[in-house]
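One structure is given below, represented as structure tokens, and several questions about it will come after.
First chain written, first letter: the chains are A, B, C and D, and each begins at residue 1.
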Amino acid sequence: MIGDYTYDQFFSILAMQGFAGLVLFSVFVLMALGLAIIFGQMGVINMAHGEFMILGAYVTWGTGLFVTNFAPALFPIYFFVAMALAFCASFTLGVFVEWAMIRHLYKRPLDTLLATWGLSLILQQTYRSVFGAREVGVTLPDWMMGSLPLTDIIEVPINGLFVMALTTLIAIAVALLMYKSRWGKQVRAVTQNRIMAGAVGINTKMVDRMTFGLGCGIAGVAGSAFTMIGSTGPTAGQLYIVDTFLVVVFGGAGSLIGTIASAFAISQAQSTMEFFLSGSMAKVLTLLTVVGILMLRPQGLFTLKIRR
Amino acid sequence: MSSTTSAAPRTFFGKDAIAFIVLAALILVVFPVALDIFRLNLVGKYLTYAFVAVGLVLCWGFGGILSLGQGIFFGLGGYCMAMFLKLEASSPENTAIQSTPGIPDFMDWNQVTELPWWWVPFNSFPLALIAILLVPTAFAYVIGAAMFKRRVGGVYFAIITQAVAAILTILIVGQQGYTGGINGMTDLRTLLGWDIRTDSAKLILYFVNAVLLLGVILIALFVKSSKFGRLLIAMRDKEDRVRFSGYDVANFKIFVFCLAAAFSAIGGAMFALQVGFMSPSFVGIVPSIEMVIFCAVGGRLSIFGAVYGALLVNYAKTTFSESFPELWLFAMGGLFIAVVMAFPNGLAGIWKSHVEPLLPRLMKRLRPPAIVSAPTKAPAE
Amino acid sequence: MTDAPANGPYTLNRRKLLAAMATIPALGMLGGSRAFAQDTSTAAVNTTGLAVTDTDVTVGILHSVTGTMAISETGSVQAEILAIEQINAAGGVLGRQIKYIQEDGASDWPTFAEKAKKLLVQDKVASVMGCWTSASRKAVLPVFEQYNGMLYYPTFYEGLEESPNVIYTGQEATQQILAGIDWVVDTKGAKSFYLLGSDYIWPRTSNKIARKHIEMKGLKVVGEEYYPLEHTQFNSVINKIKLTKPDVIYAIVVGGSNVAFYKQLKAAGIDLTKEAPLLLTISVTEDEILGIGGENMVGAYAAMKYFQSIENDNNKAFVDAFKARWGDGIVIGDVTQAAYLGPWLWKAAVEKAGSFDVDKVREASPGIELATAPEGYVKVHDNHHLWSKLRIGHARLDGQYDVVYETADLMEPDPFPEGYQ
Amino acid sequence: MTFDTETAPKDFLLAVEGLTVSFDGFKAVNDLSFYVDENEIRVIIGPNGAGKTTVLDLICGRTRATSGSIRFRGKELTTMKEHQIVHAGVGRKFQNPSIYEDLTVFENLELSFPRGKTVWGSLAFRRDREVIDRVEEIAEMIFLKDHLDTEAAILSHGQKQWLEIGMLLIQKPDLLMLDEPVAGMSVAERVKTAELLNTIIKQHSVIVIEHDMKFVEDIAHRVTVLHQGKVLSEGSMDHVQHDPKVVEVYLGH
């Protein structure tokens, strides 16, 4: 016996909590990836990140509605189409926002933070006016909501697996894009030396715009995926802000590996503590630990030591 | 920044003195005369936010330290005051129907049967007053020391203060047996036996609040006009240079952060007194960022601008939400973006660039032409 | 919002209003109020300077139209406006048409207090229909007591309150909890319970009462857990539920958390239709199911006093009128119905008192009956709460509940339950 | 490196020994040792990336050494904070002019005045006769007497360089470290700067990083040539100019 549990139960707990932690980890990575790209590569803090996610969620909802009414046969696979559309919508909005707002503020990073907060207010009210104040229910194909029983206690939720797979896919895609493609080279070149990059013929403005759009697009996909586990309403985006920022900052700006590692650390800590403490205290302790570590190591988990 | 001559150091006489007198006249005479007690009480509430905004001018405008967690200090100050008032409102006679009379109602609802030890000092008014200033300032010191000694700044600092605000909110909401949870501390009635809900009390509290605000503004003006104020600007622009001129930059940042926290705490305490309750909705991220808006709209570099910003934005919020509640967020968001992008120095900046240059010309018209001197001051015609 | 509530007095959609009016005769609500009107001079029915003229009387509506609570409070606003319009069409109150001033609490408690004060002090409204969360009610309560206003509060809540200035048209905790637990024990043979809630006073107080009641029956509570409002990750608690294998999950999760909780519950392989464990909630109305999705909720039980599917003539007329006014797609939850009662109860009290004066309305309120309430017959108790029945609903795939049980008698409201504190 | 044995017993103003710093494995400064006497003018030269600026960063505490020691008048600097190093008597001018653009020339100089350097001190600081006299004296020296009330942002590049030098002088440091003081100046400004430096070096020990060989020749007592983080050669200008290793590095293979 361990505490109130038998060994069997205890191992089941470990297995299930481990899995719950992995799902949470995937969720965090998915949330943070878009922000990490924008923050890491451009130094811009996008406070409207949550609203870009919710845009993706609404697009998914709309696609679901459309498919149910006009092409019910496609319903089982509509989610993939919806994710693609969510990416396009968020990407387009992101590019527009970069053009209209962000590009004027590159020299004032703190001000982008404020301006994007204003943007998030406007987006929230837009959602409320367009879609109503109530949450919308996103109907998912049945196959996505089931679970696979492993033992009589342990069951693996399919949507959890789906989120994990999706996260892996997107993370790999982003890594390839950043480190293997020509475009990724351009992005990194601009990050390291904007003037020089411009001098060798890279269209730095276009690189900025696409980077911002990409980050927002990934946020849209994340929002689309989150319709499986969370709510879709005008203000739902705000729920993710603090967690997302902490993941990115804790990981160390500019490091995708760092973002992933920090998402892992935070999610495991939180899901483990949640089992033994009350939900509120688990959250407080996790956040407090993260802030505490950041005070000891402000540069985050992974940062290159560079000559200033 | 206004320029000065080398021989005469910047003081808060001159232009600032006029601005101070105008503001004092406005909040001490014009508002009380022109507004009924209901509206005046609202203005009093707005002015409590001005404490935060003035702190932000020093901290953010001059020092370049953007805190997205001023709500923490506003809230802590407010809670310290509310705890005292709540204890006074929870006398055994008032709470006779509870299972444990003599403790605040929310404790009773949550099966707390004894006043927690850290509530005990709040039985005393002097101790509560000390706590109002000390607790938030000490908290700011801890955050500031940890961050600034390690040279965390800019966006990182903003995000961490934001996270701390989130943590504190969750903590207050989660520990409802000791804090009142999401309801906050409500039904605060008397201060040392004096009913703070009556109209006359509200009028007096308004003036106390106004005088305290003017006092805080004087302190801020003093800081701004001292060498410390110029150092803040210097640190914002070239932190390294300040360091290599022999200053321990972290200490200066900690000081200004603590000062802003103390200002916010006074505002929070006055809020609790005037509104009659305190709730975690002032501690979180959203109110903290809104307070930054007040400051940004008024002008992050202008102490007076911040006060007008707090008044204007809140007035707009009240009127807008009375007539067009749905448009309010659009207006607020739009205002935010417009100020940041087009008028980074806010109202004060517009005043300085558009109104002030007109003044000498106006003066010239008013005076007989013979006395006109100093033509260099007038803009080219 | 396609059907935004009107923002000021009298901005009605004429066609919809007429449609709504058409259903009124069926309600039998046309009393003798019109005859009443001529004998009442304004000076006689309004001695305290309220906003009453010879032709009309002004009331306030105070809910969140913006912010996170707008999700929940929209339905209440719609119900209150509908009730006011119906009363007006039927001749008004003491011969006076009701005007309303709507204020936005913006999901922010101090704003509620500020607006409440504005309604009472500046607008001098005769009564206020409003508030939703306990926090907003707690914030406005001192204002109503100080300025002697009258608040009609629609939400089911934790009790522990009995203000002379509030009429509580929703259920207090014991009314909603005791009979529900009795039912699940008696008909489903439940022995063990897992209590779960959002972390604030209503779920905590409710679970405290539930736990006492369960333990008094000699049954077991195997877990009790609270999550921050707007929490979105429930995997850990779902795992605990799987381990402790309770017969009943007693869930009081609110807001957006609900959506996350039920979706994750389903994904974790807990099929609510199998009733192993059975899920009993007191916080999910038809409104919430809109966001959760019927397919994620089907099979769950809810203990409330009202479901849209209740079969009686009152309710049929109410649902038809509501849809005619606010659109066909709309659903009506427990709180929406309770909010609808507010204006009617106030009207009845005013007419009984023969005056708009708050003190007289208060005196007249206990004993007021409403035979035309959609939920059936209700009556105001001396403690300002309503006598009402409790019903158990069984969630369907389409987001509605089937009423599977209803208490034989009205439940007495007991905001300070002896032995449960 | 045979140089240090003959001077070792003396009390140096600055003694750098075994100094190493690595950035992720790259040793920007590698086991570096050199010594500066009282009232000596030392010029450090070397090709790009030789580690010249890093050495100054290490001395003034901007970068922390991985190993090695820096002693200034017997005090170990590697463990001190930047402002303590300044108080010990080391002043540093950056490569790009580093001044407070939003403040006037007077205020720029005043902030460097060695009084009121603590929080409370700065609050209590009063602009008295002593401060004004001293600021005016320095301003005269750096050719900015007529610009005291000008906002620093609108000064020319050369004037900004002078202003920064003035900000150092007002601190009365024992050791001045100047990173390319004449870079980016017009010819006229260059001449004036050389004149300024010549007055400065009469009263202070100075370490200068400079590329301008003519200028180096004019002022240097001794020259240290850095290459890849190490001392390549050290001695008089004449000595290093004829050192084959130096010739090799500068002229290529």
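Assume a contact is a pair of C-beta atoms (placed from the backbone, for glycine too) under 8 Å apart; a residue touches a chain by one contact, two chains touch by 3 or more.
Note that the structure is a prediction, hence the values are computed from the model and not measured.
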Between B-D and A-C, more C-beta pairs in contact link A-C
Greatest centre-to-centre gap (Cα means) from chain A is with chain D
Note: chain D sits from chain B at a C-alpha centroid distance in Å of 43
Averaging C-alpha coordinates per chain, one finds the centres of chain C and chain D separated by a number of Å equal to 75
Averaging C-alpha coordinates per chain, one finds the centres of chain B and chain C separated by a number of Å equal to 38
Chain A residues touching 2+ other chains are 125, 128-129, 278, 280, 283
In chain C, the residues touching two or more other chains are 1, 65-66, 199, 226, 228
Within chain D, the set of residues that touch 2 or more other chains is 62
In the complex, the residues of chain D that touch chain B are 60, 62, 81-83, 86-87, 91-92, 94, 98-104, 106-107, 110-112, 114, 116-119, 122-127, 132, 135-136, 148-149, 151, 164, 167, 171
The residues of chain B that touch chain C in their complex are 38, 41-42, 45, 97, 99, 105-106, 109-111, 170, 173-174, 176, 181-184, 186-189, 197, 275-277, 279, 281-282, 318, 321-326, 328-329
The residues of chain B that touch chain A in their complex are 66, 68, 146-147, 150-152, 154-156, 158-160, 162-164, 166-167, 170-171, 173-174, 285-286, 289, 292-293, 296, 326-330, 332-337, 340-341, 344
Residue set of chain B touching chain D in the complex reads 1, 3-7, 9, 222-223, 226-228, 230-231, 233-234, 237-238, 240-249, 251-252, 255
Contacts from chain A onto chain C in the complex sit at residues 5, 9, 12-13, 16-17, 19-20, 23-24, 27, 125, 128-129, 132-140, 142, 145-147, 149, 153, 155, 157-160, 228-236, 239, 270-271, 274-275, 278-280, 283
